[in-house]
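Take a look at these structures.
Heads up, the next two complexes both have subunit A, just with different partners, subunit B and then subunit C.
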Partner chain A sequence: MAKVTIDGQEMEFAEGTRLFDACAEARGEALPHFCYHPDLSVAGVCRLCQVEVEGMPKLTIACNTFVRDGMVVHTRNEKVRKAARQILEMHLVNHPVDCPICDQAGECGLQNQYMTYGLYESEVEQADKVNKAKAEVIGPHVILDKERCVLCSRCVRFCEEVTKTGEMGIFNRGDRAEIGVAPGTELANEYSLNTVDICPVGALTSRDFRFQKRVWMLKSTPGVCPGCATGCNVRIDHEAGRIFRLKPRRNDEVNGPWMCDRGRMVYKDVHDEDRLTTPLLRGEAVAWADVEEDLARLLAFGSVGLAVGSARATLEENFLLKRLAERLGAGEMSGGLRDADRGVGDDILQDADRAPNRRGLEILDLAEHDAVTLAGRIGNASGTILLLGGDPAAAPEVAAALQGKDVVFVGTHAGATAALAQVVLPGAAWAETAGVFVNRQGRLQDFPQAIARPDRARETWRILVERLAAAGEDTPPASLRTVRLLLTEAHGLPDLNSLPAVGSVPAAGGAD
Partner chain B sequence: MSFEGLPKGSGNKERTFRESIYLWEVLRGLGVTIGHLVRNILHTDDMPTRQYPEEKHVYSDRFRGRHRLMKREDGAPRCVACQMCSTYCPADCIEIVAAEHPDPAIEKYPASFDIDLLRCVYCGLCEEACPCDAIRLDTGIFEIAADQREKFVVDKEFLLNNETDGTR
Partner chain C sequence: MTPNDYTMLSARFGRSDGHKLAVYEAEGGYRALRKVLQDGMSREEVREEVKGAGLRGRGGAGFPTGVKWGFVPPDADEIYFFVNADESEPGTFKDRYLLDYDPHQTIEGTIISCFAVKAKLAFIYIRGEFGWLVDRVQKAVDEAYAAGYLGKDILGSGYDLEMIVHKGAGAYICGEETGLINSVTGRKGQPSIKPPFPAVQGFLDKPTIVNNVESVASVPFIINEGAAAYKAFGTEKSCGTKLFSVSGPVKRPGVYEIPLGLPFREFFNDWLGGMAEGEKLKAVIVGGSSVPVLPAEEIMNTNLDYESLGEAGTMLGSGGMIVIPESCDMVELIQVLMHFYFDESCGQCTPCREGTGWLHRIVKRLRGGGGTPEDLDLLEHVCDGMAGLTICPLADAAVMPMRSFLDKFRPEFEALIQETAAAAPTSRWPRGEQE
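On to the complex of A and B.
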């Protein structure tokens, strides 16, 4: 252990702690910085985190210094503040100060630090600034403004150390130095939007989010990415019922601070034009009351032949489907299609399993089937086929087997399944409901509802609870809380209503 | 509840003869009217009635009036759709949709810029917030009338051509 005095406060840190982290702990806030990132190597180029260490002849950068026993550090004295101010002034010499049109404005390191350490009259005329390329498209997701860059090299280090693709670099020298992609290449790796997240200024911005919304107008809700079995923790940024972007939320045991580009785009699904927004009775849009009669007949006791869950539905929804099927005396259950939602994984974050909750089906003992087997089971089942989520009829074998059957579909998107079903009940998409996903590690990850549902769509768990009530269950669960209590009890899970916050989410049985 | 012992209302008061024929009171009222008429004819300058719309009220120089959007030299809106005004607006009456401008030197421009004049409180905070001096409340136009609520939501074209009325 090393005893360090930071701003007069004596604290102990483990050997090998970075002075930067020690100062952050002692101060309660990080030192000003651009280039330091805990998940990347130390570059020490921005020179903003300089602190005074007694005994050292000059100020030293905290990010590249380790704590030593007996160190006496000052982070708030006049000398340090003056240094930060001067360095910041240097960073801003050639900055275009085009905050009004910059998407980073509102979450910009340069803005924040200027408010704390800057506040001076600029000595450089706008006309004297070095001009560089603006609005340069450098990849499918990222747009670069070279004037705004402070050359912190975070994006360069990200592409070298995390994706190991090395597309980016710093070119030229002095005030001509600029960030860019190597000639003839583009920033097209599958994690390119992380460079936008870590860019402390507005040099790298997202093409998808470009000019969509000013960031201070967005509200954020924590969520879990439904894009694959990894279950990256995300922040859903939304306003007035529309999702504008997904950002990764740090969880060192799942995704660290990153997430993939494909995952960031899954929100578009929620606002798809083919969302189911109203109940459909044999293809006709109707009110909820109008489907009641047909549902009473199709979902009467003993009339359900097969209930099919989905790896895209939440743990609660699959649990309620199972409970409903048991209540209705359904002979057969299935977890859905084993081959649906498969893709190519990588060894960074993306999983080949593109469904967010396949491990959840295992917890509920719902076995998945391949298309031929599922089609066979549908063919053999006598009575209504109750389908939950996804689009199982996208598989031609299943679609063929469903022809002529009585089908009730609880889902979110129009498609082959909705077209085949007698009754379609519009449920909530992942951001429109609270729930629990079980990721590939077996971690139970709960998430709250972020946005409102469209038109007449209802929370899927509520639809299933209503069917349970109609099926004669004496005390159907009245809230999601009660559903989770039942689920916890039935499957020996940790209490789903008080899952610990990010970072220490416990694993269900059999976690790796 | 009993009404006994309470004083009788004025309606039950006995009228005098002069009151009961009304004529005297009618003439007294006419006298007041004719008195004002004579006074106004003799002193027309003090008359509070204005001959609107021929004769318009002159407001103080500090009166703001309806908004206008400023133009660049080429006639395009000066606005860069930074949405400072709509952020600052206490009445939440400004709705801007930003879009990519083909000229990278301009980069961002308002595809639409709507102001709901019925919601606006004419406080002028939008022009104070504007970093580009693109919106001004200096037209002095106070005649804001329409026959449908929808017509009070004015768009970019309207605001761009909303010149001052020449009073300043």
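On to the complex of A and C.
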């Protein structure tokens, strides 16, 4: 251990601790910085995290210094503050200060640090500034404004060290230096939007989010990405029932600080035109009360032949489906289509299994089946086929088997399955409900509801609980909390109502 | 004392045949290498001799060469050596002379230095603009290979050394040792953060020593004659002789080898012959464009060694001496210098990237007649935000002349502003723009 005195406070740190981290701990906030990022190599170029270490002739950057026993460090004295102010001024010399039209405004490192360390009158006239290219599209997801760039090189290091694709570089030198993509290439790797996250200013912005919403209007809710089995921890940024973007939420045991571009776009499904927003009775939009009669018949005791779950549904939803099937004396169960939701994985984050909760089916002992087998089971089942989630009839074999059967579908999107069902019950999409997904590591990840459901859609677990009540369960669970208690008990799981908090919502301004 | 008394480094300067191996050998060349490799000097003995001679890095920083060698971890087995011939400091042209007139002296010094630090591969990194030097040095290296001074089992000693002549692409910043290493590696030529220092982790992440041409060229003399003989020249702390490249309107500009500690007055009057006809001495930039300027009356009472020049408020630097005549406009001169640093900043560290451009724009505005008295304070303010805050000394190299020009020649700046004030708008906003 090394004893270090930071701003008069003596603390102990493990040998090899970066002084930057030690200072953050001692101060309760990070030193001003742009280029340092804990998951990338140290560049040491923004020069903002200068601190005074007694015995050293000059100020030194904390990001490239390690604690030593007996070190005495000052981070708030006049000399350090003056340096931070001056260096910040240098960052702004050629900055266009176009905050009113910049998407980064409100979560911008330059704005934040100016309010903390700057607060000087500008000495530079607009006409004196170096002009560079603005609004340059450099890839399918990212747009570049070279004037706003502070050349911290985080994006360059990300592409070199994380994706190892190396599309980006710093070209030219002096104050003509600018970031860009290598000639003839574009920033088209599958993690390109992470560069937008780590860009401390408005140089790299998301083409999808650009000009959509001022960031201070957004509310953030922690979530788990439903895009694949990895289960990246995310932050859902939304306003008035609409999701505007997903951002990764740091969880070093799952996704670190990153997530893939495809995962960021899964929110679009939630607001898809195909969303089921109202119950459908033989294709007609009706009120909930209007389906009761048919449901009473189709889901009467002994009338259900087969109940099919889904790797896209939450652990609670599949659990309730199973409980309902048992309550109704259903002959058979299936976890759903084994081969649905397959894609191509990589060795960074993306898993080939594009469903978020296949491991959850294993916990519930719900075996999946391939399309032919599932179709065969449907064909052999006598009575109602109860389907939960996804779109199993997208497989032609399944669709053919469902023809002429009584089908009840609890789902979120219109499609082949909804079209075949006598009764369609509109459930909640992943962001509209609380729940638990079990990722590929077997990690139970719970998430709260982020946004309201559209129109007449209901939380899927409530729909299933209502059916349980209708089926005569004496004390059907009245809350998700109770559902989880039952689930915990039935499958010997850790208490799902007090899963350890995982991930952390990073501070605004790319301050991570 | 006269120029011809000191020929430790410059014996063959100005001669048409000094670059040939036969001539160098006939005049005692490669004797030091034989002494080291054949008479069985140990690596420690060579290092101690160089350390004992008090040889300081001649590239500008003046760090003791032997001490630098000592930073290589003793257990390292893959070590690289670079001779820094990226001589780009304005006013400096001494290494060019060493390599042009006497390449074998540098090659011999390099081989001995490599032996001392146990390097197996040496690069001579030559500034891109010195195209003809690359050929000359390459020919000399080829000769040295043919004579058995390079390659496998040098002089039967069992020591192997390969040498590569590398041509830079012409960037001032590649003279900074980590910038130099990066550019050879194929990366953008810009300095790396330290630590790690190259002596511990440099080229290909292995221990690497980067020495100036003049530093390694001094080594054969030290080995031949011994540390004591070397220390007989110079002062107690500034040992040996040093090359000064003198430009400006003096009677005899050129490259001179002087014993450190020589009074400038003597050097100026007796060696350089004073100012050219019709010119009067105004100021001197003594160690390359990056060191503070000294007005005539200050430099005249200073000796040419590290300590005396330090006390006088400047630095010995690279020995690139720029003599400035009374007829020179100091504001114009600083504009030239500020343009240089603006142009050469690698752009990596914010204070330097933005500061060099900002200084240049302000000085340009002054010269263009748009200056105000506040601009002089602004120049000081910008300098404050640059000095000592960057990875490498390029920001300081721009700040030192800027500050000293303002400090020593402020009246010239003020006069220019006053002269042009009448023509300039009273507001800093151009007229008509406020409406």
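Note that in this section the second predicted complex is superposed on the first by the 502 of 512 C-alpha atoms of A that agree within 3 Å, B and C clash if a C-alpha of one lies under 4 Å from a C-alpha of the other, contacts with A are read in each partner's own complex, and residues count from 1 in each chain.
Going forward, a residue touches a chain if its C-beta (ideal position, glycine included) is under 8 Å from a C-beta of that chain, and two chains touch if they have at least 3 such contacts.
Here the structure is a predicted model, which is why all the values come from computation and not from measurement.
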Subunit B versus subunit C as contact partner of A:413, first or second or both or neither: neither
Residue contacts with subunit A in the superposition, subunit B compared against subunit C: C
Which of subunit B and subunit C A:130 touches, first, second, both or neither: second
Which of subunit B and subunit C A:174 touches, first, second, both or neither: second
Touching partner for A:151 - first (subunit B), second (subunit C), both, neither: second
Touched partner set for A:235, first subunit B, second subunit C, both or neither: neither
Shared subunit A contacts, counted only where both subunit B and subunit C touch the same residue: none
Residue numbers on subunit A that touch subunit C, as the complex places them: 42-48, 50, 58-59, 61, 64, 83, 86-87, 89-91, 93-94, 123-125, 127-128, 130, 150-151, 169-170, 172-177
Sites on subunit A touched by subunit B in the complex: 98-101, 105, 134-135, 210-212, 214, 216-217
Residues of subunit C that touch subunit A when the two form their complex: 171, 173, 188, 190, 193, 195, 342-351, 353-358, 361, 378, 381, 384-386, 388-391, 428-430
List of subunit B residues in touch with subunit A within their complex: 80-84, 87, 98-100, 104-105, 107-108, 131-132
